[in-house]
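Each chain gets a letter, A, B and C, in the order it is written, and its residues are counted from 1.
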Amino acid sequence: MKRTLTVIVAAAALVVSACGSKEDLSGSSGQSATGEVVVGSADFTENKILAEIYAGALKATGAKVSVKPGIGARELVVKALQDKSLGVVPEYTGNLLNYFDQANSKTSADEVYTALKSKTPSGLEVLEKAEAEDKDVLVVTKATADSGVKSIADLGDGKYVLGAAGEWGQRWQSKIKELYGVSFKEIKTTDAGGPVTVDALKNGTAQVANLYTTSADIKANDFVELDDPKSMYPAQNIVPLLRSDALDDKGKAALNKVSAALTTENLAELVKRVDIDKETIANVAADFLKTVQI
Amino acid sequence: MIFADAIAWLLDPVNWSGAKSIPVRVGVHLLYCLGAVLGASLIAVPLGLYIGHTGRGGVLLVGSSNALRALPTLGLVTFLYLVMNGVQTVSVLIALVVLAVPPILAGTYAGIQDVDRGVVDAARGMGMTGSQRLWRVELPNALPLLVGGLRNATLQVVATASVAAYVGIETLGRPLLDGLRVLDYAQVVGGAVLIALLAVGLDLLLALAGKLVIPRGLRLAAETRRRVKPVEEAEVVDVV
Amino acid sequence: MGDIAKYLGDAGTRSALLTMLLDHIYLSLVPLVISVVLAVVLGLACHRFRWVNTVLVSVSNVLYTIPSLALFVIIPAVIGTSVLAPVNVVIALTLYTTTLLVRPVAEALAAVPDHVRAAATAMGFRPWRRFLTVELPLAVPVLAAGVRVGSVSNISLVSVGALIGTGGLGVLFTDGFRQRYLAPIIVGIVLTMVLALVVDLILVVLRNALTPWTKAGRS
């Protein structure tokens, strides 16, 4: 009896350890003994394209690279960098700074970037920022805009329903009140600039939606972006965030070259090719690297 | 530690008022679950009674409904949402109904099938017509397994209705997904606890209802059968 | 249809699909294998010690009510694994499947008739050999039935992992949704169902091979 149990337990241990080793193979150690770099991305198209572009550029330096797309919000991504599940991720300067420094009040591109460099926790670092930017933006339908809503300041007090991702309230609710005296009748949790948000605005369950400036949905639906004269939303330049030991100098140089080539226009075009024209992310990223000769 | 945070989240008055409060979410969650189980029962119970009673097409039908179990709910919800152009309620309800049909159908069918043939023959011998046999003999005898199927379906639907939050519905899946986005474990665990409580509560309620509707003489048999439930259900599947 | 052809026409997409499929198989079947082993051990314990049974019944009742999505996220917080590690999904599904299997296995072991056990003993089988060659094989049909239910439910549950970024075919649903692109969603649903069907078929064949006496009895 005892021996049977021993055999069974040993077998179980074997199976368990076997799955442990698979985990290593799948590269969840960010930059493991084999020197593989894992590029992660958040769960939206643009970020996934950027991750593929980073991965392609790093591969060109001869590094072993894998991509782990669609991870979720910043909190999860940063944690994954720190616990070595990831090596590099494409990030956005403003939101990243606000995440590292909740008291931050800087909003212009250069100020934000400088502050970000000093606030990034040790062990992590950011490389050069790109000119390309993808900001949060509040949008309304054309009809609402025609009724006189042109800027965030026109949203009034408790007049409209906003559709935004779950964490919007926590991040911006008091800020928008403080800067513009604006509050919403209700903040509906939709998704982060995805179909649920867009549909909520289209079918009127929300009158204001939080989208992102490179979103192909804005033009496709004739949505109007509201002005943000007091710069509530900070600059959001694309920037690679990495664990310092994940990349060698060649790798860092390659990503800086990518950042130098990225503009808001060419990025928006890449997003459109994936979201509207249904091209694959891998192909779009490869095309980009070819055109900018990386 | 996490659980202390979760309890703090659960008790925080902020979470008990407004459009995103715990009571609202519990209510919405409950509505979707009840709708789904009710809808599934309307389809599965008559169907199960019919094929169990006539013995026609049973194996094929129950087999194919069991193939439905492999249908990923997240896939179905996203598919229906896009096809129906953003109609959240209906797409989620259909997906949950599809989830609930197989256990109820299997329970009903197995219940009727399991009725002692001698009992049915005795009923026939007493001169009962087909429908009399179904309503007075087969159905009461099938109730224990039928209720078992309902309980299985309810458990699954309550746990799965969280997925509805992905298409923007304020079910108890909301704190799970929102908490996940910002790694706020208090919210995630708090939401999970609420879902678990809801599931346990509904299960107890159904068990109680079962006690009331199942004839006393059958209860003992019911208890023993329910315990080996998953297996019996699975055995009905054997069509491949 | 044209969309699906276009979608599958890309070689990069096809190789990505293969990776997802393999991930999916790994994430759903490894827990199944571990669970079978655990369920036999625990089932045996249940059968020998009454209190194990009591504990397991209450634990499994509670466990089954916890939504998979929550379990996927809570596990790294409780045992300190990396948040993105596939092992979280593996552990969660192992817990579900084991609880599904234990009770039937314990009951099947208990249901072995005493005269069978006595006969084996009389033939000179020592207890461990009697367990492996007589009692366990007799429990195979019950075990197989449970494993089939477990495999189908695991294969469909792994998709939910896409909401936390653990890979598998579920990624096709979230990706397709964000792009409003039905092709990947349909492909994902079809692949999931085909996978479940194929695994089920293999399990039936395996069961029949392991229980030759049932066939002899039937014919």
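Just so it is clear, a contact is a pair of C-beta atoms (placed from the backbone, for glycine too) under 8 Å apart; a residue touches a chain by one contact, two chains touch by 3 or more.
Note that the structure is predicted; figures quoted are calculated from it, not measured.
Novice: Name the shape of the chain contact graph, picking from line, ring, star, complete and other.
Specialist: Topology of the interface graph: complete, with all chain pairs in contact.
Novice: Identify the chain pair with more contacting C-beta pairs: A-B or B-C.
Specialist: Looking at contacts between chains, B-C has the larger number.
Novice: With chain centres taken as the means of their Cα atoms, state the distance from chain A to chain B in Å.
Specialist: Each chain reduced to its C-alpha mean, chain A and chain B end up 38 Å apart.
Novice: Taking each chain's centre as the mean position of its Cα atoms, how many Å separate chain B from chain C?
Specialist: That pair's centroid distance is 20 Å.
Novice: Identify all positions of chain A at which a residue touches two or more other chains, and write them in rising order.
Specialist: Those would be 72, 76, 79, 195.
Novice: Spell out, as numbers or ranges, the residues of chain C touching 2 or more other chains.
Specialist: Where chain C meets two or more other chains at a single residue, that happens at 83, 162, 164, 174, 177, 180.
Novice: Could you list the positions in chain B whose residues touch two or more of the other chains?
Specialist: In chain B, 81-82, 166, 177, 180, 183 touch at least two other chains.
Novice: Chain A touches which residues of chain C in the complex?
Specialist: 3, 6-7, 10, 12-13, 16, 26, 30, 33-34, 37-38, 40-41, 82-87, 90, 127-128, 131-132, 162, 164-165, 171, 174-175, 177-181, 183
Novice: Could you list, by residue number, the parts of chain B that touch chain A in their complex?
Specialist: Where chain B meets chain A, its residues are 19-20, 81-82, 85-86, 88, 165-168, 170, 174, 177-178, 180-183.
Novice: Quick check on the complex: what are the chain A residues that touch chain B?
Specialist: 72-73, 75-76, 79, 165-167, 170, 186, 188-192, 195-196, 199-200, 202-203
Novice: Chain C touches which residues of chain B in the complex?
Specialist: Residue list for chain B touching chain C: 2, 66-67, 69-76, 78-79, 81-83, 155, 158-160, 162-163, 166, 173, 176-177, 179-180, 183, 185, 188-189, 191-192, 195-196, 199-200, 203, 227-228, 230-231, 233-235, 237-238, 240.
Novice: Per the contact definition, I'd like the list of chain C residues that touch chain B in the complex.
Specialist: Interface residues on chain C, with respect to chain B: 61-62, 64-71, 73-74, 77-78, 83, 100, 103-104, 107, 142, 145-146, 148-149, 152-153, 155-156, 159-160, 162-164, 169-170, 172-174, 176-177, 180, 182, 185-186, 188-189, 192-193, 195-197, 200-201, 204.
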